[in-house]
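The first chain written gets the first letter, and so on, giving A, B, C and D; residue counts start at 1 in each chain.
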Amino acid sequence: MIIVFKPKVKETDVNHVVDQVKQRGLDTHLVIGEEVTICGVIGDTTRIDPRQIEVSPFVEKVMHVGEPYKLANRAFHPDDSIIDVSGVKIGGDHLALIAGPCSVESKEQVIEIAIAAKAAGANLLRGGAFKPRTSPYAFQGMGTEGLDILLEAKKVTGLPIVSELMSAEYIDEFNEKVDLIQIGARNMQNFDLLKEVGRRCTKPILLKRGLAATFEEWIMSAEYIMASGNPNVILCERGVRTFETYTRNTLDLQAIPVVKKLTHLPIIIDPSHAGGKWWLVEPMAKASVAAGCDGLMIEVHNAPECAMCDGPQSLKPSKYAELITQIKEIAKIVGKEV
Amino acid sequence: MIIVFKPKVKETDVNHVVDQVKQRGLDTHLVIGEEVTICGVIGDTTRIDPRQIEVSPFVEKVMHVGEPYKLANRAFHPDDSIIDVSGVKIGGDHLALIAGPCSVESKEQVIEIAIAAKAAGANLLRGGAFKPRTSPYAFQGMGTEGLDILLEAKKVTGLPIVSELMSAEYIDEFNEKVDLIQIGARNMQNFDLLKEVGRRCTKPILLKRGLAATFEEWIMSAEYIMASGNPNVILCERGVRTFETYTRNTLDLQAIPVVKKLTHLPIIIDPSHAGGKWWLVEPMAKASVAAGCDGLMIEVHNAPECAMCDGPQSLKPSKYAELITQIKEIAKIVGKEV
Amino acid sequence: MIIVFKPKVKETDVNHVVDQVKQRGLDTHLVIGEEVTICGVIGDTTRIDPRQIEVSPFVEKVMHVGEPYKLANRAFHPDDSIIDVSGVKIGGDHLALIAGPCSVESKEQVIEIAIAAKAAGANLLRGGAFKPRTSPYAFQGMGTEGLDILLEAKKVTGLPIVSELMSAEYIDEFNEKVDLIQIGARNMQNFDLLKEVGRRCTKPILLKRGLAATFEEWIMSAEYIMASGNPNVILCERGVRTFETYTRNTLDLQAIPVVKKLTHLPIIIDPSHAGGKWWLVEPMAKASVAAGCDGLMIEVHNAPECAMCDGPQSLKPSKYAELITQIKEIAKIVGKEV
Amino acid sequence: MIIVFKPKVKETDVNHVVDQVKQRGLDTHLVIGEEVTICGVIGDTTRIDPRQIEVSPFVEKVMHVGEPYKLANRAFHPDDSIIDVSGVKIGGDHLALIAGPCSVESKEQVIEIAIAAKAAGANLLRGGAFKPRTSPYAFQGMGTEGLDILLEAKKVTGLPIVSELMSAEYIDEFNEKVDLIQIGARNMQNFDLLKEVGRRCTKPILLKRGLAATFEEWIMSAEYIMASGNPNVILCERGVRTFETYTRNTLDLQAIPVVKKLTHLPIIIDPSHAGGKWWLVEPMAKASVAAGCDGLMIEVHNAPECAMCDGPQSLKPSKYAELITQIKEIAKIVGKEV
């Protein structure tokens, strides 16, 4: 951390600030120039809030050097983390292909889709049982019954299950029934949930990026989970909110190289939610793999026009199968196994 | 809701879509033009997801007419809602003046600030006991002990208490100790919490706008609380996220007339969090009152340079007192009592 | 400017970077710490591009201290600039009230509006003769004929004229006919136009903020005009682009205190374009004055429903007159004369 | 266009609005429902401003159906446009590979880079002679001398030249010396320049997307050029402005399928400006090609650490050559020739 003082600051005022920093157990290096006085702060600066220093009337600016996260930081963990999801590896040179309906609607639906997805090459099955909906009047998901349907589909296909957890109340049930527990974009900074998930979830976590979350905030939310005890976090980019309204959100594929540079965690892409239109899924899925992502989460529905949720962004199984064929070719070029 | 069909659509395809709509118990009006075919949908369209219709290959666009919320809608409740917070009225021509530290740090601190704030004209006391922090390593608040300190300050000053609830686990405690229960920006779409708060909180709710929440989404979150049983919701604008980084967030004061047009709920403004700099608070507080807000939530701290959280955006009590003097003059001009 | 080196950088590599800086005539102060090495750069750093230093593989980060603008900077010009627009003062404790139609449509229209606006208290007349329109098929303004109509309205009312210049080609005509030359939001970074306007315009310039321009970029565009020879620049906030679509743009009133802190230039607010709805103009105009703006630019139209452009955001003269009455009361409280 | 009237509107008020529309030569279809009255407008609605109708107190909303552009619209021109840039085809199954320095700095520099870029597979040479810079004190480019250097590099390598035009003043010179004339992001809505470029440029135009421009606005700017007489427009996505600051801008690759669906114009991607960091270029370039773009514009510099502009985002020639090798493999999979 670097503290820049106001021009022409007095020595006593500088010392006052420096003392404050030292009291927190940190070391300082002071440079007093003619026009600028700066102080480098050395030590574990993750425990100091720069804004607490900035409030001083003698301080111009406080700037962080280095990142505020440790467990997620690639600097302290240079190798890619490879997360095992009930036997399916995610990260490194493994490519996760997660497919399934937005919402679980019926046993027939899920099993039919799961069989088709597996045949196409998917290695994980997604399905929403508890649904975060903007309107209290919209379909809120089948809940526990939905999870049980997913379990039946797993029995048939062997595909591990990915599903969203919305409340700490259901952690035990998810530990029992779900293989990869998703935290949705709207709960990315539900810090109490993150702590509970870190403390109590025995399964890996798929942490979606919030609609207006910076890379740093997103990684800090992963850090919450890791610091609370669960090191198995996979990040998922699903589009951010911009001024553009033609697409549901703007898919930020720069997230892939950025997350890989800053952290050792795997990153997967959800092109279905990002664009909100099925015809955007194919080009964006291919782009994601070319950019080096560790997996794709794609909505597949056997009858999108009857879907209870997000039909317009779902692919039919036949389209999904065609897509995976091309994905495999691109994956080979960028060094991923499928 | 209006369904616009693709140009040159066939009659059978139109009928297929119209039938789908009718099956959900809604009425339709069809206009078949040479170049455009449209269908007006009549009835309770809040229960239909426009995207379910849009998925049809014969449909160009589905457009909502009217708002998706009912209980919060001014159309069905033309008079301003006036919410009673332990004797302090918010809404109508009443102006709420909420003041206090970002975080509760000690009994002495809170009581000193509360006395000063009351003397300056504040009629409610704020203080964070459970703190949502971006970093797991930052101070997370004093918790229950913090609420108890607020209660002591209430005993001394008589000011009702505003504090943030982060998890449904603490609802009973908040019902007992807090007068106005805040849901923070990061939990605005924590739908499970909204439902619990609606179902179980016996006190009014202060619902902050999410960092990237549209007016409609924000009101829909109020609707969640109201539909779950608690009609006493106050909205709070605290700045939205934009490309500008000089200020912490961009304060959207257009929210005041917009919220008042669309809903009957009171709206208060938090200029402290929006700008993140204490010298922005005064001009923005005055602007908010001039624009017709129903209250101000302002961070006041007796020693901002020692604050454990958000010091740079806190006013000293003397500055706060000066501000309230000017606020009262502006309030008079726009027809608000203080 | 502060250069932060990568951890464990070698001395020779540091020296290489330091030499580069010195070759540009700047002084350096180096601190070599155990874990962090930083270099403070002293001198006229506005002439150095931080990204040129950042490209070095030994550099972690380059941070600007202080602002990249000089002529517009309040640090070097502590007093408010007061700009004289053909006898009307803008800045300091003067409040400019600019009113008129979005587009000049006819002589009768403009004169009728000008008389009404003046009667209500306006001291400057606005009207678009050259119109920047998103569509090439939309009405593009009356051009020279429009300026001549404005001149006739000036003859009748004495109100100086504000109108937008879109191309350097018309500078001589604007110098002759217009009193305050507007540069529109979409041309805020049309640098060739800014240079020409600075070099050749003999009248003050009203520089609108671009739809996605940061405060710094906006002030840098003012600096372009000033550095090219025209010191008389007035800034105008007109809303920025965000994810919110209910309003045309989000009006950023924090711009008022921020611009006043960073520069000595006057700032006026255009609440008509920001919201795009006439009923937002009144509350936002009052808010702007309460926040300390130096003027308001408001669209007034005698028949908004027939306006060729932006009717929905125009006030009728009677509404404008009512508004000005309230504005004057608020202006008094914040120390502005009208 | 569809006009939705306010609930319970009177017939006479509806007729008044309908008459207004008819007077502009358009046809109407009226549906009067119990709860909603809507009016479909048929004909060339690109010449009507929906906001002119919306201003009526009887109108709830006006919605466009279909797009406001015609010449650029794929609906009226189903085949891909293939633009010939001095012998190099862009569009269809051709992939343009534009490479070169951000700024022209010297003859030696440009020729060295041009030879290396050509050897790596580039088929067009970029170089800025007139530079749009945020600061008036930054290097503004070599101007005419810079264009002449590019011409010399063209003589040596045969690569056609891409360079940015900032003012109509230089159109004749650009027509003579430049093969593909770039309009920069900051001038995307400099409508006077767009008209002149459409009317007078004899070479194809590369139109960059504005930093906060919607797809529709961007295409409308292409429509300006086309409607003014130059049908040869290529679109270029270069990142949009969001809340994220780690990257310079957020690259919106959904632009590729969206632009291809809405228009018949080619779209190329500039990953260098989008991210602002050289290590983002490789993954984003591969992603762009996988998503189906028609070309890549990449900054290549022989000594990025000495570049006068944008060094941090430039690739060295050897890195560029490696990238092109992989690009060619991906291009093959998605059906593009290189």
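We take it that a contact is a pair of C-beta atoms (placed from the backbone, for glycine too) under 8 Å apart; a residue touches a chain by one contact, two chains touch by 3 or more.
Keep in mind the model is a prediction, meaning the values are calculated, not measured.
Between chain B and chain D, the least number of touching-chain steps is 1. Here A-B and A-C were compared by C-beta pairs in contact; the pair with more is A-B.
Chain centres here are Cα means. That of chain A falls 31 Å from that of chain D. If each chain is reduced to the centroid of its CA atoms, chain A and chain B end up 26 Å from each other. In this assembly, the C-alpha centroid of chain A lies 39 Å from the C-alpha centroid of chain C. Within chain C, residues 212, 241-243, 245 each touch two or more of the remaining chains. Those residues of chain B whose C-beta lies close enough to touch chain D in the complex are 2, 4, 7, 29, 31, 33-36, 38, 40, 42, 60-61, 63, 65-66, 212, 241-243, 245. In the complex of the two chains, the chain A residues touching chain B come out as 46-47, 49, 51-52, 54-57, 68-69, 132-139, 166-169, 186-187, 189-193, 195, 211-212, 217, 220, 223-224, 227-228, 241, 276, 304-305, 307-312, 314. Partner chain B is touched in their complex by these residues of chain C: 212, 214-216, 240, 242-247, 250-254, 256-258, 261, 274-275, 279-280, 283-284, 286-292, 326, 329-330, 333-334.
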